[in-house]
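We call the chains A, B, C, D and E, going by the order they appear; numbering starts again at 1 in every chain.
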Amino acid sequence: MKKILSILLTLILSISLLSGCGKQTKTTLAQGVEEKTIKVGTIGPTSGPIAIVGVPMLHGMQAYFNMVNDEGGINGRKIELIAKDDQFKPDLALQKAEELVEKDKVFAIVGQLGTPGCLGTLDYLKEKGIPAVYQGTGVSAFAKAKGNYFPVQPNYIFEGGLLVKYAIDNLKANSIAIIYGNDDAGKEELEGVKAQLKKMGKEDVLKAEVPFNTQDLDFSAHVQKAAEVKPDVTIVVGYQKAVPGILLEAKKQGFKTQFMTSYINADLTMLTLAKDAADGVIVTAWVPDITDPNNQAAKKFIETYKKYFPNETPNAFAAAGWVAAEVFVEGLKRAGNDLSWEGYIKAMETFNDWNDGIAKGITYTKDRRNGVEKMYFMKAVWDEKLPRFEKISDFVGLE
Amino acid sequence: MNKEALNFKDITIAFGGLKAIDSLSFDVKEGEIVGIIGPNGAGKTTLFNIISRFYKQDTGKIEVFSEDASSLKPHDVINKGIVRTFQNVELFKHMTVLDNLLVGQHRHLSYNIFSSLIMTKKVKKIEEDAKKKAFEILTILGIENYAYYYPINLPYGIQKKVELARALVSNPKILILDEPAAGMNDTETIDLSNKLRELKEKFKLTIIVIEHHMPFVMNICDRVVVLNFGKKIAEGTPDEIKSNPLVIEAYLG
Amino acid sequence: MLTIKNLKVNYGYVNALKGVDIEIKKGQIVSILGSNGAGKTSLLKAVSGLVEDKSGAILFDGQDITNMQTDKIVSLGISHCPEGRRIFPQLTVEENLKIGAYVLRNKKINIQDEFERVYNFFPKLKERRRQVAGTLSGGEQQMLAIGRALMSKPKLLMLDEPSLGLAPIIVNEIFKIIKEINSEGVTVLLIEQNANGALKISDYSYVLELGQVVSEGDSRELLNDEGIRKSYLGA
Amino acid sequence: MSQVIVSGIITGSLYALAALGLVLIFKTSDVVNFAQGEMAMFCTFIAYTFMTFIGLPYYIAFPLTIVCAGILGVIVYRLIIKPLSKTNVLSIMIATLGLIMILNGLAGNIFGFETKSFPKLINAKNINIFGVSLEPNSILIVLITLAIMLSLFFYFKTMEGIAIRAVAQDVDAAKLMGISVKRVTVTTWIISSMLAATAGMLIAPTKFLDINMMSEVHLKSFCAAVLGGFNTFIGPAVGGVLIGILENLVGKYISLAWKTVFAFVLIVVMLVVRPNGLCGKSYRKKV
Amino acid sequence: MKKYMKQVILLAIFIILPLIFNFNRSFMTLLNMAGIYVVIAIGFNILLGYAGQISLGHAAFVGIGAYTTAILSTKFNLSFILIIPIVMLISGLLGFVLGLPALRLQGNYLAIATLGFGVAFSHIFMEWESVTGGFSGIKGISPPSIFGYQLKTRLSMYYFILIFIIISIIFAKNLIKTKTGRALMAIRDSEYAAMSLGIDVAKYKTIAFLISAVYAGVAGCLYAFLFRQVYPNTFDVGMSLNILAMIVIGGIASIEGSVVGALFITLIPEFLKNIKIQNASFILTGLLLILCVMYFPYGLIDIYRRFKMWLKKKRIAVKDEGVKV
């Protein structure tokens, strides 16, 4: 018995040691690039509750890639998208990333969605050095990651600063309240607001910080707390349903203030849910208004999306997926035939105030990875027949 | 023989204003078999539940072997040597008969949880001994064949015997039986009473028993206490009780 | 009225009844005796359709009810008062009785009369009609169980161990009432551990042992039978 | 203060409304139907489909959806509950967990993932009473909740109602009363599914319609039922309103970020003090 | 030695399995996760299956284990030899605290109390930023090292976890065979009878919570070592329900069942993912859950039991002749 055990033990040890030694051999073409195809991976929640976000975003990407493929691909290579479902769990996301990188051998991870998942895979993808284009989150960690990471979405800290700057400079606000969700977005926005106020030396303008839980249903206490300080401007940050809920409650309680909110809500959904309560709310935007008939890039997006997914209405999440694919493909075009990871990264670093896609003003250098750094402001207009956003400023940055 | 095993002093308990037991006093001598009879709702089972400390009496005192037992916790009662059976058979349904009997020896198994996790030699030895003892008792009651059965698959009469075995295996001094003969026919009941006598001698037991089956009570009990509406209405030898007019009116009919 | 032919009942791989023949005539009290586990309860459960794994034939008023659902059987006029009383502890006494008349709900029968009839048999229940049944004493619960079984105006009343766990004085009262019920024209099938009492009030008796009928006959004759006395009456 | 309390009452009555079906099923079969919320969501989507795609007016879509809910109840009973009726309660509860996944997944596939707005029952202007602003629709919700509670209470006094309670307490004895247990159980599933649909359609205007609309309400309704007492119909109302008010008061006066933690700690404490819920009766097992 | 032949063979299979098939890294990750769930499920089965106490907040203990590990490893640089006992202590303590309401509550009421505990903890992980790092969690947990060899690869973690699984199984098996386990089962089947036989119900209920919390805590510790990072939303109600589903599907009150259930629930989405319908794995997992309880009400382990029964059928039939019914 002892003998068997000792043999087993040596076997295990030697093999586990060996397994650590396998090294990837280097070729000019990176993994996933074949003569006629390029394999690309994405990870996001496409089942379960958060599929609300994951599915449209995936379809947005799919629509763009389909369009590219139908037009003949990039340099004759068609893009094959492999999507993995992480159910919004960081551990599963990591496991899926390993699968994409080591089993499916994809060329890049594009448009990965969800703060937990993106954080969970950060270390691994950095270690592997595989290009990671567009993270479906505004958490600032990815802007700091550099190297193979190319965030596109503006990060929440930046946006928080921009919101408060606009409130003070343009709206002449002397008192500000912030109602924020206690999740990644809300907390980083708050951080950005505070940092910007500090920079401007106006820390006393922020009169109330009111957190809410993402699952909250009843916002009466939150709105009351904000209303107590009678703010000129109230910044509301949160996902999806919370913001309309807060707007409705404010209307009910008769709380008069200038509401501002994040690009997360720069979507007709907010207007259709909150109706007249959303009238006059100022939102930031980085994707030019997709409902604007003069916007050629947006028009193309809507037409293409409806072509491939005729039963769905393209929304902001779908647009995000579209942008992810667009930015990735632009990088591919620039890399030409130098399709190694290093080559691709080098090509991506030539982005300089790129404005051709839906997203505008993207610049990547060796240590500049902020994604979009310019946004503009819109005002929501409630009109029974044609609810819409009206542009009230040009693209502005923090500097 | 004359030492007191159990002594109830002026016990009263009320549920929602209704007195289930009303200033009840009586004692049980060592080695006696005392029967408690009375109409349904007279408070017999309540009395047992007070002895088991499932209920706390409002006033009064219980003494076990002349020591006050009124403030014991339910799980400490057995340490005084008192063990009981239940009216509707409370066996551990999803454990084998053998395991039921091992639970009966719970307080005698003197090892701690850590030594049981790694199964020390001592633990193994103690467990072996406990099993042996369980089989001894099962054999005495003639149910050793059922050791590895689950009680749920056994007929009611056997279940009652298993419960009795589980009580006996804990080395009790005082055995409290709640309707041991319920659901048995006359012949089976007589067998049971003979068996109980035998056990009493063998294990030097004091027995208190609730039973409706009058032949059984008359056959086995040294003394009978009759309860009605929580009060003691008579006490005496079976023969005295049988002819007591109060008892006849309230109970025997 | 009720004819049982070669009835076999299985629980899993255990045979509870191994071919039983029983005949009950209208207006009789028939008792079934036997020790624990003889199969008495299984017999009643088979008649009222509570056990599924069975073979043989059960005829009620000439109609085959062997494979009928319980609710159909009950609405034919068979009322089964189960072992251990099985009253609904969280319903009031009155609600317990009311539900007993469930099969009459679509017929044009004033169940108020039924209430009166039951309250006549058991005046105590009337006193306690607003009380939750779980708080009744054992004897009262048994009365309630019998009363509930009577509410459906049964032709055949099956009682499973009505004396179980009751004081002798109450047992006598219950036997008396069973006799009274019978005299009002209800046929009674009685299962008893208390052989003595059962033999005294019944007309005809069967003795079951290990799932088979081992003897049967006129109750008075059985009461004097030496064998029966020895094994069931403890004499 | 009064505004948050009134708000709490209204939110609480939503919890209570969602809990009624839960309690009904529990009372009759000891099963906690974890999928109650998802059934509500699914039915609300059906109503939405009637209104937007077929263009039916609200007052037709509403009863039509209730009918569909009844059918859904039958389907759930036939496909899941009935085949499981011989197993234990825990298995059925696990099966309802599975049902959550199926309904949620199907709803996403069939009705899409976008958040939609759902019309209110009445669309009147807010009224102001003693400085408390109230939506007439909310008042109506409270009234409907009360009405459903009362009618359930009286239904349970009728012959059919007693039959349901009898089945809950002792299946075999109920059969011996001539009650068809299958029919009674399917009835309770139909009613509870209809209650779910009603709850969903009343909650959707305030909480918006998407596949996740019920998840939080359902959790809280479960808490409300337990807190108030799972065995009564008044319990969920008391529990629901209490949770609604409690959360708002803690949020307003202690901490918004920690209010959920507070609320749950308080629930646990209250349960320890009254183990059968605030309105539940203790039921002592006899030995 | 012959007595344990079956176990040794099984163990050998599990040792050799990844070596023969040379699974890729992502599948090894999944296997390791499944292994961690095995430890949790065994502990949870002791609580629910054997002691009859439900908990819907079990993820909190896993979270506590993982966070404690993360903090001790990143801030205090402790080695796993020290971390594990500390984790056991802390999670045990918490199990004790959660056990307290269980002394008064039963069934659904206990379920809701434990659910509340679980929800409260997932909020605490999120809100107590200074300690838990808020939503961005804690990164940079160093892998456990044995004699200077760092268990960085998935394969080495596999064997590391396997050791814990073996210990978990042995302890659990010994527990249920002896006094403590029997006391737990006795309480589950009849509290009154247990009390009257001298079992301190309060003490043993607390022990049950404590033991299962320690199991979950250790599993959490392994989790932290496997992924080397922790995030708050991992340890939510969903995880608690998952754990519950595992033992119901595997087999209540069965150690083998816990193992089977944990493997089944963790690995099944992997086999369903090739179905190209949207939401398919979500819907099918739900469907499987229902089918499992429908056809294997005593858990999947019942298949094996039935097989064994079938083999022994003759003997049992003979035995039953003796039963009078």
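Heads up, the rule we're going with is that contacts are C-beta pairs under 8 Å (C-beta built on N, C-alpha and C of every residue); 3 or more make two chains touch, one makes a residue touch a chain.
Because the structure is a prediction, the values reported are computed rather than measured.
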Of all other chains, the one whose Cα centre sits farthest from chain D: B
Greatest separation from chain C - chain, by CA centre: A
Distance from chain D to chain A - Cα centre to Cα centre, in angstrom: 36
Centre-to-centre distance between chain D and chain B (centres being mean Cα positions), rounded to whole Å: 47
Between chain C and chain A, distance of the C-alpha-averaged centres to the nearest whole Å: 74
Residue list for chain D, restricted to those that touch at least two other chains: 104-105, 108, 257, 260, 287
Touching two or more other chains - residues of chain A: 47-48, 51, 55, 182, 213
Residues of chain E whose C-beta touches two or more other chains: 123, 127, 192, 278-280, 282-283, 323-325
Interfacial residue positions of chain B with respect to chain E in the complex: 52, 54, 73-79, 83-84, 86, 90-95, 99, 102-104, 106-107, 109, 111, 113, 116-119, 123, 127, 145, 149, 153-155, 158, 166, 170
Residue ranges of chain C in contact with chain B within the complex: 14, 33-37, 137-140, 161, 164-173, 193, 195-196, 230-235
Sites on chain A touched by chain D in the complex: 47-49, 51-53, 55-56, 182, 210-213, 215-218, 220-222, 224-225, 240-241, 244-245, 248, 252-254, 269, 272-273, 275, 311-313, 315
Of all residues in chain E, those that touch chain A in their complex: 1, 12, 15-16, 19, 24-27, 29-30, 33, 123, 126-127, 134-137, 139, 152-153, 155-156, 159, 223, 227-229, 231, 233-234, 273, 278-283
Chain C to chain D touching residues, read off their complex: 48-50, 69-71, 74-75, 79-82, 86-91, 95, 98-100, 102-103, 105, 134, 148-149, 152
